[in-house]
Structures are given as C-alpha cells and as structure tokens.
Amino acid sequence: MIFDPATDKPQDECGVFGLYSPAPEDLAWLTYLGLFALQHRGQEAAGMCVSDGDKFHVDKDLGLVTQVFDERRLDGLRLPNARVSIGHVRYSTTGSNLRFNAQPLTTRTNKGILGLAHNGNFVNAREVRSGMLMEGALFQTTNDSEVMLNLIARESHMDLVEATASAMKELKGGYACVLMSRTQLLGFRDPHGVRPLVIGQREGTGGAGGAWVLASEPCALYAVGARLIRDVQPGELVWFDRDGLHSLMVEPKRPTPCSFEWIYFARSDGALDGVDIHESRLRMGAQLARENPIEADIVVPVPDSGIGAAIGYARESGIPFDYGLYKNPYAGRTFIAPTQEARELKVKMKLSPTSAVRGRRVVLVDDSIVRGTTSRQIVNLLQDAGATEVHFRVSSPPITHPCFYGIDTAARKELVASTHSVEEIRQLIGADTLAFISERGLREAIGGSGLCGACFTGEYPAGTPLLNDVDKLALEV
Amino acid sequence: MIFDPATDKPQDECGVFGLYSPAPEDLAWLTYLGLFALQHRGQEAAGMCVSDGDKFHVDKDLGLVTQVFDERRLDGLRLPNARVSIGHVRYSTTGSNLRFNAQPLTTRTNKGILGLAHNGNFVNAREVRSGMLMEGALFQTTNDSEVMLNLIARESHMDLVEATASAMKELKGGYACVLMSRTQLLGFRDPHGVRPLVIGQREGTGGAGGAWVLASEPCALYAVGARLIRDVQPGELVWFDRDGLHSLMVEPKRPTPCSFEWIYFARSDGALDGVDIHESRLRMGAQLARENPIEADIVVPVPDSGIGAAIGYARESGIPFDYGLYKNPYAGRTFIAPTQEARELKVKMKLSPTSAVRGRRVVLVDDSIVRGTTSRQIVNLLQDAGATEVHFRVSSPPITHPCFYGIDTAARKELVASTHSVEEIRQLIGADTLAFISERGLREAIGGSGLCGACFTGEYPAGTPLLNDVDKLALEV
Amino acid sequence: MIFDPATDKPQDECGVFGLYSPAPEDLAWLTYLGLFALQHRGQEAAGMCVSDGDKFHVDKDLGLVTQVFDERRLDGLRLPNARVSIGHVRYSTTGSNLRFNAQPLTTRTNKGILGLAHNGNFVNAREVRSGMLMEGALFQTTNDSEVMLNLIARESHMDLVEATASAMKELKGGYACVLMSRTQLLGFRDPHGVRPLVIGQREGTGGAGGAWVLASEPCALYAVGARLIRDVQPGELVWFDRDGLHSLMVEPKRPTPCSFEWIYFARSDGALDGVDIHESRLRMGAQLARENPIEADIVVPVPDSGIGAAIGYARESGIPFDYGLYKNPYAGRTFIAPTQEARELKVKMKLSPTSAVRGRRVVLVDDSIVRGTTSRQIVNLLQDAGATEVHFRVSSPPITHPCFYGIDTAARKELVASTHSVEEIRQLIGADTLAFISERGLREAIGGSGLCGACFTGEYPAGTPLLNDVDKLALEV
Amino acid sequence: MIFDPATDKPQDECGVFGLYSPAPEDLAWLTYLGLFALQHRGQEAAGMCVSDGDKFHVDKDLGLVTQVFDERRLDGLRLPNARVSIGHVRYSTTGSNLRFNAQPLTTRTNKGILGLAHNGNFVNAREVRSGMLMEGALFQTTNDSEVMLNLIARESHMDLVEATASAMKELKGGYACVLMSRTQLLGFRDPHGVRPLVIGQREGTGGAGGAWVLASEPCALYAVGARLIRDVQPGELVWFDRDGLHSLMVEPKRPTPCSFEWIYFARSDGALDGVDIHESRLRMGAQLARENPIEADIVVPVPDSGIGAAIGYARESGIPFDYGLYKNPYAGRTFIAPTQEARELKVKMKLSPTSAVRGRRVVLVDDSIVRGTTSRQIVNLLQDAGATEVHFRVSSPPITHPCFYGIDTAARKELVASTHSVEEIRQLIGADTLAFISERGLREAIGGSGLCGACFTGEYPAGTPLLNDVDKLALEV
C-alpha cells in the first residue's frame, strides 16, 4: 500500500473507463466526465485515447484529470466521428519514469494500434516479462500493461479477442482492464474478480442503441448519463462492436472481490457485485457497535471515509451522531511542508475539532488503521479540544499483510497491526479503548458470495509473486 | 453576492491575517499556514507582506494560497528577522484588472511603507475617492484599500495610529482590516462589527511573550499554534509593537455582526463574538424542526454546509440522520464546461445521491437559497434516485436584499426570494414542502447581543452607498 | 548601466510605443508588432494599454513581448473600436517588486484614467517624490512614471495637455514618454532630447488619415506599416486627437541626444535626429582606422554590434573583413549557470572562433568596453584559436562616468576606464594593441548638431541627481 | 524537408551527443552544454539519459534545451558517479504523438537497459518494422530508433556490440547514432557517412584519461572542453568502456557525406570529415562569383546563413561587402500570427533593410532556395528600400528532389526548382538576375572525396524507401 502521510489509508492504484458508441459521440468529453467521477481512485496521473475507426489520439500526463485536460488538450482529443475511447486515473508509484508510466499505454501491433489501461496487479508479470526479454522483446516502461500487450501481440495468428483471452490465462493476479483497438472496446476482470469492473449503457437516440460504458465503479456510469447493466463477472472477457455486447467466460473461479472497496475505496453512491456501498458501511458500523459496545456521549466520524460506519454505529448504539471534526476542503492540495513536522502539520491542517467534543465521551469511527501515526494525532486533537474519553472504533479488521492485487505493497513491517497487538496499538494512539470489526463481522456486513481479505488473513486467493525468480539485472529501471 | 454556479451560495469576499512577533520568527511560513486555514473565505487571490523592520517584501497573485505560494515564492518572502506580516485571501470580483487588485496593497507614504488588507466594504468609498481625485490624488486600483491608505497618508501631521483612527471615522460600512508598517501591526473593525476579527497569541519562548495574531476566524489562530484571546470589538482599533497590545475604541456603535458568518461562512471549528459556530448551527436545525415539523424517514444534509443544521433537525425531530448525498471532493477544481448545460453538470459532478434516499421520505437541509437553480437540481437528483418525498428546510430566512458590507452585491432581481413567495419557490424547485427558518428563530439560535440581517430585512445598520453622487466618468475602470 | 555578464555592454532601459487611430484598428496587435521591433531596448518586462474611448484595458508582466503576450492575453486587450494605445518594453532593475514596477503605469485621476510609459530617467524624481509624500501622496511603485503622474494629477484645474506641460517643466533629466487617456495620445521628450522619440503615420484608408505612431526608434514605425514623419523635438510635447497632430514647444534647450544610440543601442535599420545609424557606424569604423592604423590580415567584428564599425574599418584600411567569431543565436536564452565559472561560460557558449583567425593577425572591432571582463575572454578565444596578433579597436571612447539619463548607473569604480589607462586596459584584456575612437572623432562620425557624451566626459547637459536631499527612509522599498 | 515559413530553409532533423567518462563527472551538466551547442540542429525537443553503472535516469520533452532543462529537471539527472550519458535535440515532425516521440528512446532488453538517439533516417525502417510486427513485436512510437532497438534486442545470443553491428547491416539509409547501456557508450555512422559524427576527448585529470565525447559537430566537443580526435568513419561502429576507444568497420562504402552540412546546417566554427565549414563557404561564394559575375555596388548576405558565401563573393568580385539586412535577434521566438499574412509578416519582423542598399545595385547572397516564397519577400524588401538592382546568388544548386536521409521530405512539387526553370524562378522572386552555384562548382568548393547531392541530382547513394511494400494499416499512428 502507498501511504499518504495525511491520511495513512491504503491507496487504490487506479480507475479505468471505456466507451463504445454505435453512433458518433464526443467521447473525449464523456471520458473526461467518467474519469472525473473516478478521480478518488488515482490522483497522480490521468490519460485517455480516442479513435474514430481511423485516427487514434492519445494524451496523458501527471496530475489530476482537471489539471491534465485543460480545454486545449481535451480539444486535441476530440474526433467528430469518435466511436471508441478508454481512460485511466492512476495513483502513481515512486520512480524516475513516472511521466512515461502513465496510462493508457498505446502501441502498434500486428492487430493494429491498441490502447490498454488496467487497475490491479499481475503477480507473475516479472517472470513473464523476463521470459519475453530473453526472446528479444523490448520493455519501454515498468508498467504491467506492457506485459499484457506483449502477450497479445505475440499471438500473431489469433484475432484480438482470442489473443486477449489467451493472455488472460497466462497472467495471474487481481486486475480489471479496458482495451481498445480502432473499432472495438474490450474489458476483462481477473478470475477471482478481485478488482471491480461494471457495464453500463447510455440511452440510445434515433433508433440506435446507446453507447456502452465500462468503468471501475457505477458513479462513472452515472456521470455520463448511463445506467448500470451489470458487473463484469470474475474471469469474464466482454467486448463491444457494431453488434453490441459480447461475452466470453475465459477462466471463472471462486469470486473474491476486494473487501476494501466496501470499507473505503469505492464511492458511497453505488453498488459493486450487487452490494450497495453506503448500506454496507452502515452495517459495518452497526456490527462494530454490537461487537464492541461502549458508554459514551457522541459518535464522531473521521471525515469523510468514516461517516457511513459512524452513522451505523450511532443508530445501533443509540449514542447521538455529531460532527466533531471539521475537514478543510482544501487539504488535498499540494502543501509546502518545509520541516520534519510536515506530516503532523498536514493532519492538523486537514482536521480540526469542533466544540461538539468538548467535555464529551467520544466514540471515534474510522475505516482503517495502517501505520497508526495519523490515528494518534487525531486522538490527540480530540483530547486537546476537551474530549474526556476517546473510544476508537475501526470498521476494518487489523491489516497484517501486504496486498499484491493492485494496492501497492508497503513493507509488512510498516503495518502496525502486523507487529503489535490491539492493546499495544491502543497505547500507541493514546485512545481509551480501541476495537476493530472482526473479520467474520466484516464478511457479514458486506455479504455477497466471497471476499478477498488477504491483507487481514494472509490468504491470497489469486496467488503471490515469486520474487526469487526475477532476473533483477534486466528488469530494474 | 457573487454566485458560484455550482453552489448558489452567498460568497464571502475575503479573509485577513496578521502577525506581530517580539522575537524573530518565520512569519512568511506562519502567514501561509494562517491563510491556508482561511482559504474558504476567498479562493481567487492570495497575498502577503513581511517586514523585518528594514526590508519590506510583498508577493500576491491570482490563485489559491497553495498555488500562489510555491516554495520558491514563499522563500522569496522569508526574512531571517521578520517581525511583522499580514496576509489576505480574496474572492475576487470580475473585472479586467484582477491581478492588480489583489491584496495586500502596499504603498510608500509619509509614514513609511505600509501594507493593508481588508475584508468588507466601505459604503462611501466612491464619494471619498471622488473628493480626493479632485484634490489631485491618484488611484491605481479599484480596491477600497487604496482609499483607506490615501486617507491615512493625507494626515501627514499625525502618526500612523492617529491617522488610522481618523480614517476609520471617515469611512462608513462593514469592514475588518489589518495594516502594517515596518514595525507595527494594526487591526480594526467597523463601528458595528459587521465583519469579524479575532486576536490570538502564540506561546512565548525564552521569557519573551509569544507572537500576536489577528485573523478573520479563530481557525487561523489555531493553525499557527495560537490561542484565542478575544474578538476585536466593534469600532475598536488595536495595534501591536514592542510593548504588546494597545487598544483604542474609535467609534463603537451597536454591535450587529453579520448573521451569515454563523449560517454559512465561518468554519464550524470556532466561535465568533462569543458564539460557537457549530453549536449555533445545531440550534438553527432544531429551531427549523420546531418551526416546520414534517413526517419523514430521514434527514439529509446538503454537504458540507448543511450538516450542522441537519444534525440539529434530526435530533429535535427524532427522524434519523443519514448521508443521502455524496460530495465529490474534487468538485472545487476548475472544470471544463463546454456547453450550455455547464451549470447543471457542475451540480451533478459535485453531488450524487446514495441508496439512503431510495424509497424514503427525505427532509433535505441546506443553509440558504439564493437563486434557487441549484436547489431545484438537488431536489431532482433525490427524486430520480427514488426519494418518495422531498421536504426542503433552509437554516436562513429568505434572502430578499443585497449586501453592501463585503458580500458583493448581486442584482436584487436575481434573488429568488425578492420576487417570489415561499410557495412559488417551492414550485420552482419542485420540493414537496419548503420552509425557511424565521428571522426571529435565527436570532434566537445564534443568540448574542445583535445581528446584521440586512439581506433578510433591508435594514442596513451601517448605511448604504449613495450611488448618485459618484463621478462615474472618472472612476470607472 | 546594467551589466549583462555575457555582453558587458551598457544596457538601455526601455522602449516606448504609442498609437492614435482616427478609425477603429486592432491596436493591441499593432502595439505587439511595434514592441516586438523594440525588443532589443528591454528584455525583462513588457506591457501595453488599449482604449476605445470607453473601456481601458491594460496587461503587463515580466518576460519578452512574445512571452508576456500569448494569444489569450493579447485577445484580452483587443477592443473592436480601439483608438488609442501605448506599449513599453523594459530592461528591469533589480528589486523585490519587479512585477509591480512593469509599465505602462495606469491610474485614475481627475483627468480620467491615464496610462504612462517612459524611457529614461528624471534626475530630480526623488526630491519631487519626497515633497509630494509630505503633502500626503501615496507611491505604490518605485517607478519614475508615478512621480510624473502625480504631478499631472496635482494640477486639477488644468486640462491634460496643460498639466503635462507643467509636469515637464518640473522634472529634470533625460526622458521620452508616451501618455494616453481614453481619447488622446501624448508624447514628449526632455529639453535636451537625450532619449529618442519619433513620429510616424500609417497609410489612411477610405478618406480617413492613417493612424499616428510614436516610437523610440523608426524600426517600430516600419513594423506597423507606418512611414517616418519626423523626430519629436527636444523639449517638445506632441498630442494626437480627432484633429490630428498638435505640438507645443514646452522647454527646448540645446539638443544633446545620447551618443550611445548610434554607437550601440539603436537598430541599424533606421535614423535618429536625421542621422542614419548604419552609416554612422561605418564612419566610426573608418575614423577608428584613420586614428589607429595597424598592419594586420583580417578585420573581425564582435557580432552583432561590432559589424558596422568593422566593415568601415576594413574599407578604410584595405584589410579584408572576415567572420572570425560565430555567434550562437540561442545565446540570449536563460541559461543554467551552476558554478562560479558561469560568466566565462556564457561568453564561451555565445561566441566561438572560426578558422578565419587561425595564423592571422586580427583587428577585432567592438563598440564599447565597460568592465573589460568579456573583452579579455574574447581576446583569449581568438588567441586559443591560433590568432597570431589581436588588435582591439573600440568604436566608442573610454567610458569613465555613469549615466543618469535612463541607462541605469553602475558604480563608477566598476567602469574599467575610470580607473585604468588605455595601456593598463590593454594588458588586462591581453590584446597586442588597443585603441578607442577619440571623442572628437566620434562626434564627427555621428555628425548632427550636438551629442551627450557624459559617460566619456562627465559633463552632464541635463543635470545630475541631488542624492543627499533624499528622504531615504520613506522612499526605499 | 520541413519548411519553416520564416526561413524557407531545409531543416536538419537532429543533433546527437554522448559521453563516456572513466572517472565520475557531472555528465548531466556536460550533456546540457553539448546539446546547447547543437541547438541549431533541432529546436522542438530535447532529451538526455545518464547512468552511473547502476541507476539510469532519462528526461526529455518538447522545447529548447534551456526550456526543457531548468535547474530542477537537470538536478533530477545528476548522478554523483555518472559515467555514461547521451543527449538529443530534435526538429520534430508533425503528428499527434510528438511528446512520446522525443529522444533518447530508452528500453529494457536482454542486454539490460539501453538508450538510443539518432540523427537521420532508415530508408527501409517500415519494411523491417512490418516484418517484426508480424513476428509479435510492439511499437510504442513512430520513432525509427525503436526499430533499431528491436533489431538489437532480437539478437539475444549476441552481446551489445555484436548485436548493434548486426542491426547496422540490416538497416539502410543515412544516419548517425549514439547508444548507451549502463556501462558503455556506442556510436555509429551509416556506410556512406551521410550524417556526421565526430569523436573528441577531454583533458584527463589525476592520471586518468579524459572523458570521451561523441557529437554531430565539433562545436559540441569544444563546448565541453574536449578537442577533436577524428570523425567516425562511414560504416564504422565505435564504443567506449574502461579500456577506452574501440572500433569496428562494419560496412564501409564510398563516403558521400551530405553536402548541405557545408552549405547551411553545420556551424561555421568547425570542420567535418576534414573540411572546414567557414572556409568552404568562402570558396562557395568565390566560385559563385567566378561562375556568375555581375556589375554591382555592394554584396549583401541574407543573415546569418549567407554571410560566409557573401564574403567569398565580395572578395573574389572586388565588390564591397556590406550589411544591407538587419536581422532581429528575437525573430526565432514563438510569434503570434493571427492572420493569413502571417508568413509574410514573419519575414518582415525578422529582416529589415538598412540604408546600405539605398540607391545601390545589390548582389544578394543566400545559401539556398526551397520554395522561393521567402526569397521573393526579401527581394521586395530591398527594392522597397531603394535598391536599384537586385542580383540573387545562391550557394547551392537548385533543389529538385526530396531528401530521404534525415532531412524530412517535403512533397517534391513544393520544391520550386523541381517545376520551374531558373529564369522562371527569377521572375517569381522578382530579382534582376538569379544564379545558382553549379553542382560541380559546389563539389570543388567543398572538396573532399565524395558528397551526397541527391537533392540536386536525384541520385541517392544510400537507397530510397520502398513505399509500396508498407503495411499501412498496421503502421499508421
């Protein structure tokens, strides 16, 4: 996981988006709207490609969607007869080649020019890459998408759909991808459905069916005026062309979607795999209250991600909900931090206690604790503001293991729960009591048929990387 | 009032900040922190001056605090022995000279070099300016601060404090100002205290007293580690030098602070004139519930400004509070809006209904309605998402008159409540019921000794501009 | 004088430009063209104002004309019915307020809104400013234009032309100014005509007379399709309105235009005060050859400013002209210079010897020597490239005194010729022989009725500043 | 050829630069200096890679060297123990992927990470690329370097030097390349030596040999303090490692270096393939005078590229050389050109006649005529300025055929000399007489063993593209 010092939250790596329109549409503009709705999934780079069946335009850069695509650059992507487009937002990893690693990745192959954007991670990408290097392949980026594209290009005797299905079988891990040629839009999800991908459709006009949409979350469908059709199934490959939606179940396995989508990542205005995000958070809060009741005066969320669980907790416990922490809406902006105190300052500049906590026993509800540093500061803020007791409640179980499915891995030793007991963490953060939701309680609150909880349990449904096999010399940047 | 199409809220014009430190401090950095905390009071320009008793540096530009002051520009303001500084954030009016109208305004006078930043408006500035023009004065900006500085400079026989007091007597209206020379920090508030200004002090070190702070709101004191000492009194002039805090009551009149500070402008993590912001909003919501009860399933705030009143409403009514509208945290960013539908799109990109409203009777709580266009769209969003009833509750009375005290005036005809009855507005916005808090209820909820409610009543405690006297030819830009 | 380390040349401070058109014209665009032609007179800031009789737009910033005025900013200045405009390029002095000191300066006065841009310097500006401060005036910049504008505004009983004439009488020094109101363009030149200003007119269309133009040099007239009408006379005030060109001889004295306009500043494609620039440089070179003959193989100019004199030298001496120094056309760009060797590096990156000098006795012709550091490096370059002898010839006399008329003053001790004999300078720069043109020879080469040679002689025709009278505390930035 | 509307000159596509240092050096800084000296070979993109044997940093972007590499970005490339670096400047072709086509191109291969930059063109790149696509290769750019890198990577059994030699044999055309791994610098030139590449070495320190340098022209050697060792030979592959310089003659053929390097491209302060640039231009001018004598008063160059030939013409003919055209040194800057008259305006803003031409019969010397539009305008300028006759002399033969060796091809029909006789061109440009140097005269003036004159003769020594074989669908962007 990548840590933002001011949030100490796990960070999703990416959001993907795609459009196929039977009739000409302003796809650059629609993709801009879709990416804007997915901005919370990746703040460091944005990009898109658009094709009209002939021209194939791409633009991408470091920055927010609204920073990368000013009017001039968006105009440069507008094609009067655009039919296919994909887009991507990325929470970038560190490295010297950031700019060149932005997605979508575009390339010319024996199947024509292709654009690919992915969310997630291929756990065996290094091994596959290493083998292809030995066969004479080039890798211009350290982006996993390039491995997928090489696999697709290698099957020169297959058509694009066949070659993509073949590549899906070769790559392991948790991922959701959108892929476009000049005339087709494809989308696919790993066999376990770890990363989300949904299908939508816009209203048609003039007898024609409306444009098809793929997106990491339903909010991006709504942003372009589409309704949710269904989720792409685990292991399913879908594609769109003049004949509409096609589907191939390439390699379906037991579904284990990432539980953190419901805990924290996904926007609360949608549902994934049939489970409403907001309602599941209310249930997590209620479950927390049942599992870990306490006597207190108010329930306060860490805004904004703790709000749903805090309301659920308040309702179940009967303790009044209140707004005890003001969140500065400008806190996400780049902030000069000249000294060692930068991290603490960022929390203080972001969150500020209101009078609600003064003289009160506070139940503080947050969605997760990664390293615990931020939690300690928030507890301190409340205590300094006169809270008489602070009872910390967390709507996820302790995070003890790294993620290998697209939530970039932090060293395990940085995860406070991997080396400390709950009581030790309580002492570290200075709360009067501390409780996490149980893993079983979380599964009940989310419901559904299965969940990936690898970061709580260390059981990785979609495999782990074989780090020792890697040809390090050839692969490092 | 200036309207932001995506909020349709009244817009405060400015935030001011000032520091006087008996010992050398990194005042550029502290001013940056203070302005960052006041960012919500003005998003279009930021500026500051810093002096060490000898050098006098100024920098300002269009943009957010974090955009104007990157590390290089902040470094350019750092003086090793800095003792005095002021800062400003501005919600800029339209006009061709935006860049040159940014504050603080600096000028050389017979009292040495001065810097001035103000929040608010001088209602007789045009008349005063016109008279001075006839006497041979120059005006390089259309900024009211320049009129104040000319008045101060004109009294060449007085010292800075006397000249400032004299200028306060000449200018009418609602304002709060910070003023600095190389060695002094001054602050003053209009006779009625329409605009806010608070005094704080940092912890001293090494026997010395800590730095003195002036700010529009307490949050900016906390941001620099200062505690609230007290509010500057209506009509009071305070100044700081080596001997600490000095005060002169220049022209105190009946206090009538702006009620919109409690309704909407001020951050919920502080108190103004002794009245806590968050608590007053809870009381407004409770008052609304008492005045306008309704049967419903959930109470939903328009985030973020309606949260406090919604919690108050929910508690008083017993109807559960829920999060029915997701707010995109990136919605404040510059957003390309290529078509006529831009305004509607901005609302849709900003607010999105959650499943909480589906099949429910919703009490929707917002702080104000200006033109009503945004309200109509929010009601539509909820109805489209399956809300069976929408009962709109507003924690301010109908706005029927323009403001002349620093909340820039919209044409009166644009204020929907100046030309429509409550029932007509209800029909316009499509709600099932609509109710505003009563003016008396608002005054009770806020409490305190007096309030300016000119925009509800048309009674202007601090006077109105005499538009006909203005020498228009000489004054227009 | 301001020294550019890579040229070691005296630096002109500014170029001015103005337009009055009886019929609507795209004056923003024409002013852009005019300023582009004057770019060599000032590279650090550019600005312009445009009026259509009602609106009055201004924009200015640090940077070259083409950097400040991109299409968006130029469009912002375009008025469909524009009639009056002025523009300015500036070689900026150091200081913390650079951005705010850019010209034109605009201000509202009892004569309406005015814009002023000047080239040159008022030697008694500090005294006048000091007096006005005591009377209650404000000074927002350290720009001399503001003093002139205050003097004009002070005469509230006079019209603009009378007030300007009155201000001309009060301010001493060497200057050329353009001034505009919404409906008039004014231009004026100091009593001695130290700084240049020319009048041109465009071809009229449809019976109307063509637009009138004022500019520092004729090249800017040609750039907008105007022909040269005449020079503004020393001490003359001209103005343009619906009735055409008007003139008032305010205070004409003995003409002494700046000799450095012919030596170095002015572009070679024009004439000033009736004397052609290119031809005068040929004559300077010929004069140098007559005064200081030498036996050599080739005559080499320091490009580009030494070309004219080198051709003249070659013709008079019969020694072949050749291109011995290549000049990198990108050398004017901002160049990172990380070490102490920066200055030397800049010369080396700019100038590079060709094979023409190998094994040759070289006469090297340059227009001036200020500190001598660059001259030494150029001599070294030639010697390293195999020149057997280097005979340095300079087409200006030794610079021994600072300039007070708009060529910003360096400390006198930095002028190598003020503290060293010609023989000492020769040793410093390492040339085999060194000779400067004589002052009399220069005057003969330029011709005309009189010349300012204060920097060679210390005789200042237009007075010197009274530095001791200045109220330093009140005036410093 | 790419046409710059304000010059109408053939445009070189690129400059390359490389360094191998036995001891740690600040290679990022030295590469910056080298690229700055080569800026005239490509103004639209710049880039470099640096390695210390372990890390491998790359940065590149659109813009001049000084625009791309500000201090921050240059610092990002600084490695304390840097040993190898390459750099590139590019005159970019049009296309939607400009940013991604900038060089050096970097990629991970079975030979480790590689960086490649090239000047010139592979005439069979499309065929090779097409074949590799069919074998499953990806092409992310439309850059020829990627084809070269694929060829190198394909030979997985060979080491880097062997694989590069093998790739040289496969690719046809005119090119000069620099290639680096983490520990080696390679350079190679096509079999005919069409594009230039020189070897230099810096002074060693402390017993160690100095850094080795590769560059398109000697000026870049001098810029980093290196002396010229020799030219890379046609068909030669050189490489540098701890043991110094190694060489392999891969495929030497009859040398035919591009004649336009001497006519126009190369800086006049160096020599290529043993022939001094400046001297050859003097000889071209003398040859022109012998071949096409005329009676006239002055010889005037089109600055700066016609200067050398004009001096040669003047000496041979005895007609005085003079500066009849002033060149605005800011003319290379981006210039807003809002109307159809843009092209003409650019010439007028760039060149301006001096008084030297008034009443004179002028021999005007330029290096080439491509489309003739600019030539016509220059002739007009001189005539308008009073030249009584204009005799146009061109130091290259008529350009009748496109170039396939790195000077990007214009459509043949745009070359005025391919469709018009000399007399017709004379009429088009309005000169009194017009003469080009003969092809034989040019060869004599340059000397050396052979020259590529394909653009004059249509005889292409290094082959031509087989356009019909191209798989267009798969290859277009």
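Note that the chains are named A, B, C and D in the order they appear, and that numbering of residues resets to 1 at the start of each chain.
By our rule, a residue touches a chain if its C-beta (ideal position, glycine included) is under 8 Å from a C-beta of that chain, and two chains touch if they have at least 3 such contacts.
On a predicted model such as this, the values are computed, not experimentally measured, just so you know.
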Notebook entry, point to check: Where each step is a move between two chains that touch, what is the least number of such steps from chain B to chain D?
Noted result: 2
Checklist line | Distance from chain C to chain A - Cα centre to Cα centre, in angstrom | finding: 60
Check: How big is the gap, in whole Å, between where the Cα atoms of chain C centre and where those of chain D centre?
Finding: 37
Notebook entry, point to check: What whole-Å value do you get for the distance between chain A and chain D if each is reduced to the mean of its CA atoms?
Noted result: 48
Next item on the list: Can you tell me which residues of chain A touch two or more of the remaining chains?
Entry: none
Notebook entry, point to check: What topology does the chain touch graph have (line, ring, star, complete, other)?
Noted result: ring
Check: Taking all chains into account, which pairs touch?
Finding: A-B, A-D, B-C, C-D
Next item on the list: Could you pull out which chain C residues touch chain D in their complex?
Entry: 29, 32-33, 36-37, 39-40, 64-67, 69-71, 74, 219, 222-223, 267-269, 271, 276-279, 304, 307-308, 311, 315, 320-323, 326-330, 332-336, 338, 345, 348-349, 352-356
Check: How about chain C: which of its residues touch chain B in the complex?
Finding: 55-58, 76, 96-97, 100, 105-110, 112-113, 133-140, 146, 149-150, 153-156, 473-477
